[in-house]
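Note sheet for the following structure.
Order of writing sets the labels: A, B, C and D. Residues in every chain begin at 1.
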């Protein structure tokens, strides 16, 4: 019995070679639509990461009084970088700030408008905290803010409470949008892969009819077809993921330049497995459906 | 082996078979004759379960076709060997694979399959085409593959629809010898044929003549062939 | 001759009905992959618009001296809104600002940290200028900045020159990334649509062979098939665009809430036409190729 | 009409035709006989351009097949009416459409097509199947559709490969009458057949007997049929 099952699975694999063109066409379609789906997921994943990085956090910018001793604010920076919930700290000495500014202006020396304002640059630190979705956040942020303000030498702290709204909004949006999109994507992949496989089985309609006529049982006919469908799905989605991985490595740093600093990251393993599994299952399922009709 | 009671079949409003009643005992040899479109193939298709029995009763090899469930059809077909009028062989498989198919479907051991397939291929003179894909065969060679596939299973009942239409006289005679061998070993055979030369080869066979879907008295010239 | 061509085109259309399942499967696959492509273009279009809105521009925030008469700054706001290159102006009276702030803090009345700072709110205006990619921008921005600073009652003007870099970076990125993506998308659509149509024509292989055997010339066989392929492509992509349009109308305002304020806009007509045309041409082309083999 | 000079054809290493030399004049009636696999269908396929002439020379209806360009094949085929051994009719088109196809392909006017198609369908006794899809026809009915399609174009040359394999005696005789009518109107006919009864119907026909791909002297029994 088990040897028969293996024989039938083997037959399913060998049968793919009997209809090379039909199967190549199917494979290309399956691969391409998987690739498109993977790319979609990839884009979503990276946009999501990027937006969470810039939006899903609270930023506080601390300005020290001009003329604060370097030693003093350096010590404070060390302490600040150990704060709870801190995701990132970027610090600028007055010299840093001036350098950045002149670089941004392409080395032009026209700082007239700045000097007019009589505004000597201050040491600053930009603190980014990640937002945990929850009710207590506003309170937490205002508490933190007042603590920061009370630090010695600190001149002022800028903090935009709108950012909390933004972050919360984005997290909620992600939750409410990502699943419908993945569902729709699944539908598209299912319909394209499914229909292509059913179409390719139409070229084998006669063969299936003949098998029935000589007394084959359902599973005798279906098992090889299911195997073939699964193999097409698995191969197609594997090729798609492989291609995407190659592309990701190749283009990893294509967006990684100032001021974007976006490093493309590959799909997490669970999403890869979900894609492989889904396409394979679709391949099997549509082979199954195709034979019923 | 076969009991038909007032069996009728219509395609839409076109009654291809009308009120067929027939009893075939085990071991009989039946010729099915009749004009083109008389209903011979339709009767065969009912017998192997490709068309459902909607009116009348039919029992084949112990299966009551008018009560048959879809799942039982493969079991029925495993009792039979069928030669289809249009061969129904797999064009991109070899002769060997096509003939072996009927046994593979019955989950037989590989060595048994091999022995029986080679024997029947030799008996039908196809041994030098064993590994040729069937779409490369001539019409008569394809027909012999179809016949080989029906015989390889050693069926209780062979339904052969026009099995010699593409074969020349000598080959037809040789094939009739093979059919008769099966017959003498107890196989029931129902053969649709147009050829008088074929009728002549089995003088003790019964002739069922269809005309417009009804069983009729065979015409004179057929009776005289059988008598000669 | 012309009547014959029309007859053949008619035959191509009628022949679709002869193989309903094969054509339905093909149509679904074509529609779905077109829809996916359209959705991809749609997302890109909207992300692009959104990013151009927030990134491809220079923002200047003007702070008036506290206590400036409402009449005075109102008159200036009117003038500012007529500035060249201005895309958007948002103005806040001191009362507005306080209201927003308290709303953002969910009506809590804990403004202690603000009062501590002794910082009475000022009237402000946020001016957004669109950036034209070019070399003179830095100069233009600094010129504008100094002009704004010289306005009467103006206390200070915030302007981040980094934003120019960001905007330029995004515009350049769009230029360098959008075409490869569209090219890749085209490839995917072409391969899926093309292969599906070729696959569906495999179910008609016998028919084509028979036509040749009874003496049909190339164009007699191809014209109906080209028509059928074109029709499949056109129908599929039209259904896809129609569905997307429906979805866009339905979900137009799904992201249009504070603080996102993203109003989804439909693909511009030229992109729609490009999609329809491309899929139709692919349908024709792959029918053409399928018959050659 | 047909001139073959040392024509050979091989499928891989299998020589299906060897050194065939043959002259057929306009208006001749030729029977092509030979065992199953002798090369009859292969010869036919060479004549209608489905296989390329690679060795030897062949001229059919003025077309030199050994020099034929792909683009000329449809022109050659428009001179011919071919009955294929496996019918090659479109299963999901009606009888009418299948027969009309041969004329549509030749860009004929609709009214002419209609008249000629109906006439030939009537002549072959298919008038009550005119609008039935061909996959619903019996074997013999399908074969008659194939014959009708070859005749409807009034060809100079008819190539008929086993045109009566699925037809009963009376119908075969009737069809031979139709073929003979075409013959008396000057059509050249080459017919591959296994049936002795068919041979008997055209006593003045020439018999070309193939054996293993070569032209041989027809065996005794065929000669005696023709003589009787």
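Note that a residue touches a chain if its C-beta (ideal position, glycine included) is under 8 Å from a C-beta of that chain, and two chains touch if they have at least 3 such contacts.
Values in this document were obtained by computation on a predicted structure and should not be read as measured data.
Contacts with chain C and chain D are shared by no chain at all. Set against the Cα centre of chain A, the chain with the most distant centre is D. Distance between chain A and chain C, defined via averaged C-alpha coordinates, is recorded as 20 Å. In whole angstrom, the spacing between the mean C-alpha positions of chain A and chain D is 66. A separation of 28 Å divides the Cα centre of chain B from that of chain D. Mean C-alpha position of chain B lies 66 Å from that of chain C. Across the assembly, chain B contributes no residue in contact with two or more other chains. The multi-chain contact residues of chain A, meaning those touching 2 or more other chains, do not exist; every residue touches at most one other chain. Shown here, the protein chains touch around one cycle, each chain meeting exactly two partners. Applying the touch definition to all chain combinations yields A-B, A-C, B-D, C-D. Those residues of chain C that touch chain D in the shared complex are 4, 18-19, 206-207, 209-218, 220.
Contact residues of chain D toward chain C in the complex are 48, 50, 71, 73-75, 77-78, 80, 82, 84, 88-90, 92-93, 101-102, 105-107, 149.
Considering their complex, residues 21-22, 25-26, 28-29, 32-33, 35-37, 39-40, 43, 47, 100-101, 104-106, 108, 110, 112-113, 116-117, 138, 142, 145-146, 149, 156, 161-162, 164-166, 169-170, 173, 177, 184-185, 187-188, 191-192, 195-196, 198-200, 202-203, 254-255, 257-260, 293 of chain C touch chain A.
Residues 11, 33-37, 40-42, 85-86, 136-141, 143-144, 161-162, 165-172, 194-197, 221 of chain B are the ones that touch chain D when the two sit in their complex.
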